[in-house]
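One structure coming up, written as structure tokens, with questions to follow.
Think of it as A, B and C in the order they're written, each chain with its own count starting at 1.
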Amino acid sequence: MKNITIVDYGMGNIRSLYNSLKFLGYNPIFYSENNKIDANICILPGVGAFNQAMKLIKEEKILDKLENFVKNENNFLLGICLGMQLFFEESSENFTTSGLGMVKGKVKKLSTNTNDVLPNVGWFETNIKPNKSFNFLKEFNKQKFYYVHSFIAEPVQKSNQIGTSCYNDKDFCAITVKNSNIIGTQFHSEKSSKIGLDFLETLIKNTIN
Amino acid sequence: MRTIARIDIKNDSVIKGINLEGLRKIGDPVNIAKEYYASGIDELLIIDSVASLYGRNNLFDLIKKITNEIFVPITLGGGIRSLKDIENALNSGADKVAINSKALENPSFLNEATSNFGESTIVVNIEAKKITDNSWEPYKFCGRERTNYNLNDWINIIQDKGCGEILLTSIDKEGTETGFDIDLIKNVYEIIKKPLIVSGGCGSLDDIIEIRKKFKNVSVALASVLHYKTLKISEINVS
Amino acid sequence: MPKNFSMYGLPEDVIFCSKCVMSNQRPRSVVEFKNSNNQKSGLNINADSSVCDACNYNETKKEIDWEKREKELLELLEKYRKPTGYDCLVPGSGGKDSAYTAHILKYKYGMNPLTITWAPHMYTNIGWENFDNWIKVGGFDNILFTPNGKVHKLLTKLAFKNLLHPFQPFIIGQKIIGPLMALKFDIPLIFYGENQAEYGNAVKENANPKMDSKFFSNANSSEIVLGGKKLSNIIKDYSFNLNDFEPYMAPSLDDLNNKKIEQRYLGYYLKWDPQECYYYAAKNTGFRPNTERTEGSYSKYSSIDDKIDPFHYYLTHIKFGLGRASYDAAQEIRNEKITRDEGINLIKKYDHEFPKKYFKESLEYIGISEDEFFSTLDQFRSPHLWKKNRNEWKLIQKIY
């Protein structure tokens, strides 16, 4: 059974992620069990505030381990929701905090208009365009995934964005990628029913070299 | 708009009342949850209907069972009274918690809850009863006790203190299958700044379509129509 | 009084049923208009099994061939059904039980009931709405009988002071109005909901679809005792006339027999579940539960139409150690809605609750002061149930 590490730094519904990976036949291990990333697939989840998450990641001394992990092209990092946002340089949530800095760009609030209802919750159609390293994901183009967020990431380079969804007629980044081994989804594939499980499975299968 | 299945539980049974009274048994919670998931429901709302009454919460085991095989968002409510309760709920596999009575007794609890677990994790559950022609009152303990709050004041308080979503149940309509409480929703719609889930009264597909037409960003929670098989989830999804 | 003296003739040692939460202190129904000394016999709890008669009866309900019973009902109704005029009388308030009884008889079984209501002392808003809906949404002809307020209040007051049982005149009137009206309107069949035997009167009473005639017929008006006082004395002391007490005087057995008036319990023919009656009434007669839980209990669908109800149940708590939560819980345990543990929890939480909401109104209605109320109350605390600890009365021999 394939090992997959879930980085449980203290925020995020790791139980659902654990359950879905198990359901798919993998062997999910929590980072905190040995304080190591003991697999070549690693998932960074997250629910809550950016600044709080970074604080915890630094406290747990995970920062370096993640940076080293992605240096190896055979390792694969998936970020989900807040986890995906952490890839970026900084976020203005609560107060400006630096992120992991793996992808150029910033995280900001989805809308500043006080009439706009936030968080953005629900099942939304996601556009996935053909791309270099994760082209196998385009079979999921136009599928609906489950989103719940008030902030979004804005990659500076177009090549770092392969998927979008829409809020109030404006597109936002739904899937960010870097190189061939870093990918983040704003949506929760582990909560997107069967299509979400398919997505996870496809992703994992295609990264196993 | 999300279609959410609301499952009220007492001991080992799903139950369904009318106007939040009555404990008629419907069936096994795990089977029912699985059935709704298989039919394509967007989310599950699981409420322990007597947690507050007996001062206990014991649905954590049930949530563990359900989340082994169900991969849509799950909100757990009923007897969530402390940060530890929220932690236990999330550790069992719930994605969100719904808080009612505790918030009414101590609104600051919402500050604590949202700062510890993230706003999107916290749903405030409001059970509203009509008092006069255009005022409603939130009740606590599953529609058993008054609070003497005005509903709109209460909504402003909770939005100020912090919450991710608002679940609004019409005590007057729930279980009756005679349509959602449009008056109630109209009454609060202008001041609501969070995603709203309305619950109580759905009797037909037309009722759901009416909500879709009249209100933006409003999701529906269904119970009687699903439990008594008046409506099929597949019908709702294609409409 | 000896330390463990039991005031009402009930057993000194309180025993609780091992299945439900009722105790041997639960009084069995008596013929109220002969009740002069408040002496009661209590619910029987089997010495070996510790199970009470009501629970035992409940078990037998599972063995009953309900199809056969329904056939009996159909045969009975066949005999009485008429194409014009009223063929049966349903006494009731429009609460869940009478709502169910009247509606199912009319709309499922094709009878034409006249409903007759003995008015509550003081209608609650929800009580009035439910009553009104019963008639207008459910769809029935109804006669609301409100007794002479002066008489009723006096009797209620006497009953309170002499028996701590202010509900007595209501119970008497409610039991009599059916046969009284049946005689007046020539309606030969009266239907009630459930037999009180469901709650622990003698089990053998349940084998009988008919109400025991002792409850509603009386040959001799000189035997009547109301509110613990002989009727003749009431008339003398308060300058009333005999005909002021018309509604409290049961018709004679002879009159009833001559007109062949029959009384039946629907609960004999159809399996009775009070909570299911609630659901039925909610769906069919516009019945709504109370807006908040009733004082002294957790429930919202039972006995909600009279402001004096919580007052009455508080007094049963004083006399027998059993408040409203005990009664509600016992019923729901038997019908498998809650477990015994849950029932005990609810009793612990609510049984002793003081009925604040309508307290002042109830006092006014009865015509006594708060001081009088509390001092009367204390006179009825049986030593085997109540001990005074410093200045507080404590219930002893509790279920928890």
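What we mean here is this: a residue touches a chain if its C-beta (ideal position, glycine included) is under 8 Å from a C-beta of that chain, and two chains touch if they have at least 3 such contacts.
Keep in mind it's a predicted model, so treat the numbers as computed, not measured.
Undergrad: Would you identify the chain whose Cα-based centre sits farthest away from the centre of subunit A?
TA: So the chain farthest away from subunit A turns out to be C.
Undergrad: Given the contact rule stated at the top, which pair of chains has the most C-beta pairs in contact?
TA: Pair with the most C-beta pairs in contact: A-B.
Undergrad: Using mean Cα positions, find the chain sitting nearest the overall protein centre.
TA: Chain closest to the assembly's C-alpha mean: B.
Undergrad: Take the average of all CA coordinates in subunit B, do the same for subunit C, and state the distance between these two points in whole angstrom.
TA: Roughly 37 Å, centre to centre.
Undergrad: Can you check how far apart subunit A and subunit B are, centre to centre, with Cα atoms defining each centre and the answer in Å?
TA: Whole-Å distance between the two chain centres: 28.
Undergrad: Which whole number of Å gives the spacing of the CA centres of subunit A and subunit C?
TA: Between these chains, centre-to-centre, one finds 65 Å.
Undergrad: Send over the residues of subunit C in touch with two or more other chains.
TA: Within subunit C, no residue contacts more than one other chain.
Undergrad: Okay, in this complex, where on subunit A does subunit B touch?
TA: For this pair, the touching residues of subunit A are 11, 13, 15-16, 19-20, 22-23, 47-49, 114-115, 117-119, 121-123, 146, 148-150, 188, 190-194, 196-197.
Undergrad: For subunit C, which residues are in contact with subunit B within the complex?
TA: Checking each residue of subunit C against subunit B gives 275-276, 278-279, 282-283, 288-289, 291-293, 298-301, 332, 337-339, 342, 345-346, 349.
Undergrad: Where on subunit B is subunit C touching in the complex?
TA: 11, 18-24, 50, 53-54, 129, 139, 141, 143-146, 175-176
Undergrad: If you look only at subunit B, which of its residues touch subunit A in the complex?
TA: Residues of subunit B touching subunit A: 1-2, 37, 40, 42, 67-69, 71-73, 90-95, 117-121, 164-165, 192-196, 217, 219.
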